[in-house]
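Shared chain: chain A. Partners: chain B in the first complex, chain C in the second.
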Partner chain A sequence: MRTLGEYIRLYFIIEAQYIKARMQYRADFIISSIGMFFTSLATLGVFWVILQSVPDVAGWSLMEMVFIYAFFMIAISPMQILFDHAWQLRFHVQEGTFLKYYFRPLNMMFYYMSEIFDLKGLIQLVMGIVLLIYASIQLQIDWTLLKIFLLLITLFSAALVQISIIVAASCAAFWVVESYPVLGLAWKLREFAPYPMSIFDGAFRFMFTFLIPIGFVAFYPSQLFLRPEEVSLLVYFSPIIGIGLFSLAYWIWTKGVNSYTGTGS
Partner chain B sequence: MRKYLPLIRASYMVSLVYRFGFLFSIIGNIVYLGVAYYLWKSIYQGRDVLNGLTFNETFLYVGLGSAIFILLKTYADWIIHFEIQQGTIATYLTKPLDFQLYSLFTNFGAVLMNLTAITVPTAVVMIFVFKVQVTSGIGLWLFPISLIFAFLISFSIDFFVGLISFYSESVWGVTATKDIIVTVLSGGLIPLQFFPEAMQKILYWLPFQAVYHTPLMMITKADLGWGTFLPMLLLQIAWAIILLIASRLFYNQAIKVIRISGG
Partner chain C sequence: MSLIHIENLNKHFKVLNRREGLSGAFRDLFSGDYKTVEAVSGISFDIEAGEIVGYIGPNGAGKSTTIKMMTGILQPTSGVIEVNGLVPYYNRIRQAQTMGVVFGQRTQLWWDLPVIESFKILREIYKVDEKTFKQQMEMFNDLVGLKALHMQQVRTLSLGQRMLCDIAASFLHNPKVVFLDEPTIGLDISVKAKIRSLIKRLNTEHKTTIILTTHDLGDVEALCTRIIIIDKGKILYDGDIKKVNALFGAYRTLKVQIDNFNESTLQTLQEKIVNHFGVDKNLTVAQTEEFWTDITFDQALTPLSDVLNFVMKNFSVLDVRIVEISMENVVQKVYDGALG
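Our next item is the complex of A and B:
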């Protein structure tokens, strides 16, 4: 067993090499960054257009929605940057190239995911941070040390929730040949995370809170800073939810890895 | 033309392999419909009309917009990209086929598959679960015609973007930018009537609105009559012709830079 410290050191060594290699394709990085910029802003643009016609959505103003959206952008960045290789899992599994990951004395998920460090995700992270600062100034949020601590904790938990959903969905590749739609669905659901969950009722609220808990990616934790008086008690469980979901996703991954038999070629 | 028709059938059959995937696409779209329903419900909040649209009309517009999005999502840009990257495009160049027409007809097969497997079920859910009402009018008859031109425009844009792979390695960036521009500025996510007026004026002259806004208006405001729909349809036809020609010219240009490693 390697220690966490060793893994972190290893990760930096691997990614330093990866980034050097990627920098050969500078145009690719620039074009992807532009794509990331527009993709990140699409849903926010939709909110902006809607709020030209009405003053608020279920009581949430544009600036509050910008805050929630900024939180969302930061929270999904670790998934985008560190776990982007999840998208290629189905190709590796189908073509048998996944076998190579069994042959290193490393944690397999670590080894597999470390192969891609998605640089364009950094654009999203930076945009999220800038927007979060902008929105907090506009909303006059008073950042105390306690609040900053809470922000870091909730962001960490939210990131784990998002990572778990994508990793678990990508693992479908171990059992079904055409697994892209499963990941596609998980990806589509992610788009609803920055919506104010208070607009939903009944089955939808239940689904986004308990079944596919995207409410914990942005809306519930943001409430802690925007409207502490309305906050749902569930937010205080978000670290447990995050860690619990990640354990579940890791368990699914392990099951998949153990059941994989290669392609026989 | 006769040699291209079997391509429609062939690509329809190929799509049939991915039946499992359609289930997830349908689930995804039903969830989207639900989200859109609640979102717009809370936007209307008791208001009867916003920007000339009732809640029912807006929901019909947005919901049907998502169905058209899936209908036209044939990944033509990605397929062309892979064919260029892996060099398989060479096999088409040696055949007595026109590559643009070949792509067009294979895509049409995929669209037909999407229509039967996803778009029709979505429409059924909208009518029976969400109980949207459709007013009758001339627009309903023009809708299928308009949809065909929407397909031609959408295909031309995808074909164009796919061809960029001749020059650039990064397809993700170009495709993602295109997807966002096409869906947001076309009425694919929000009715164009909700945009600020100055923006609307520009958007109506861009080709993107012809993909979503034109066919969607024919369903949501079917009773508007020829005076409104004829100019819209003519503009759409003009864009379809312009873009088909433009992407063809680009193809003739791009094909000259092709370098495929042997083997």
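Our next item is the complex of A and C:
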């Protein structure tokens, strides 16, 4: 068996080569990065337009919304950068090319996901960090060591929640031939994440908090830094929620992998 | 103890009985009407270290299913399967360390990377030490001139070059057993020969066991000492290749296109051939595709030139093709008791 350290080392070796190879397609990298940049910018534009017509969104100001969105951008980056191969799972499963992932002495999720390292996600990550710093200066947030520690913990948990939702949804490919709607829905849901959960009514808020907890991708943890007095106790459970969800997603993945029979060859 | 031990192995799949039409599709959603397909039923064999075994059979015979069970992808429905003393399905990672697999035309190298980088990543994955790595790479270079391809991206290799690289890669970590599934499919004769000699050398170099599934009987003739023929999930023949060799080695099919062909032509041809060569010579005449008539015969009994001459003399022939006997024909002949 391999140790975590060995896996990390191996990951760096594979990705270093992968990035070197991708850099040969410079136009591809530049165009997709510009696309990523403007997509993020457009969402910020929407906030700005909304807050031009109404003074606040459920009591949240523009700058607070920017903070939540910045948190969201950082939190979904690990999914974008490290787990992007989840999108191709249904093609590999359908065409039988998924078989090759069984033949190496490696954890299969590791081997599968290591095949793609999405460079444009780095743009998103950098934008998120810049925005977060900008918003916290504007909001005069006082960053103590404890707060920075909490930020890292909540970001880690939020990233796990987002990764788990996408991985679990992509696994539908193991049982359903036309599985795209499942992944598409999971992807769409993330668009609700950077909004204050209080704008959703009971049923949706319940769903986004307890069933598909995208509230934990951005809004709930951001409260910890924006309005600590209003924060719900649930936020302190976010590491457990993140790790629990990832375990669930991993379990679904393992079930799928074990039930896969491949195509004839 | 043998390297691979399989005893009374079964793999059954449950398949939904599908109904026709749109309403049928809707009813299928709630249907519990399954039928069981026996992909592999009750096979047993042992393979010793160092053997090259040809595992052959027509499409859908159960070859892939058996290989998938040996490599730990599929769990058997029942029966014993041990590779290297371990049950593959429960020890996938440990097994993978001692196995190599090449699956048809699907490369396992990194598509975007230069060949040498793929090998370097594999060295890390299998924890191959520096010295062994160097030795292996030297050997691959001696065998197929791998160095010339080192800096080429995998995606830019030709199919034959890629297959050579894939096969070499599957031997990098000195596996105990290598599964090669259709290694020569879609390749021209000269590349086929190269691949066959590579496989042969790699087998002798480290006494690596090789299990070869193929549709190309030439592969089997060139490489295997033992052959296992499987059809409909059951083993038809398991033994020395020499016995089977006579079967497909000597048989040829002469395909002819006859001018003004009609139903009576086939009958006339059949009668004339039997009259001329005799019933005991075992010539069969059949029409398998439009315009073409197939005459299959044993070269050991009737020389090809005789058959060709006879047909040309008696009929106006437009076109002629000579093909080696197909896998399906071999299996049919085994059914007919050719190996008695």
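The working rule: the second predicted complex is superposed on the first by the 265 of 265 C-alpha atoms of A that agree within 3 Å, B and C clash if a C-alpha of one lies under 4 Å from a C-alpha of the other, contacts with A are read in each partner's own complex, and residues count from 1 in each chain.
Just so it is clear, a contact is a pair of C-beta atoms (placed from the backbone, for glycine too) under 8 Å apart; a residue touches a chain by one contact, two chains touch by 3 or more.
This is a predicted model, so every value here is computed, not measured.
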| item | value |
| --- | --- |
| Chain C versus chain B on the shared chain A, clash or fit after superposition | fit |
| Contacts of A:Val57 with chain B and chain C, given as first, second, both or neither | first |
| Superposition-derived comparison: chain B or chain C, residues of chain A touched | B |
| First, second, both or neither for A:Arg227, with chain B first and chain C second | neither |
| Partner chain in contact with A:Lys255 - chain B first, chain C second, else both or neither | neither |
| Touching partner for A:Leu106 - first (chain B), second (chain C), both, neither | second |
| Gap in Å between nearest CA atoms once chain C and chain B share a frame through chain A | 10 |
| Sites on chain C touched by chain A in the complex | 13, 59-60, 64, 68, 71-75, 92-94, 96-97, 99, 101, 103-104, 106, 108, 110, 112-113, 117, 120-121, 124-126, 153, 181-182 |
| Touching residues on chain B, where the partner in the complex is chain A | 17-18, 20-25, 27-28, 31-32, 34-35, 38-39, 41-43, 45, 47, 50-51, 168-170, 172-177, 179-181, 183-184, 189-190, 194-196 |
| Touching residues on chain A, where the partner in the complex is chain C | 1, 9-10, 13-14, 17-18, 21-22, 96-97, 99-100, 102-107, 115, 258, 260-262, 264-265 |
| Chain A - residues contacting chain B, complex | 25, 27-36, 38-39, 42, 45-46, 49-50, 52-54, 57-58, 120, 176, 178, 180-182, 184-185, 188-189, 192, 195-196, 199-201, 204 |
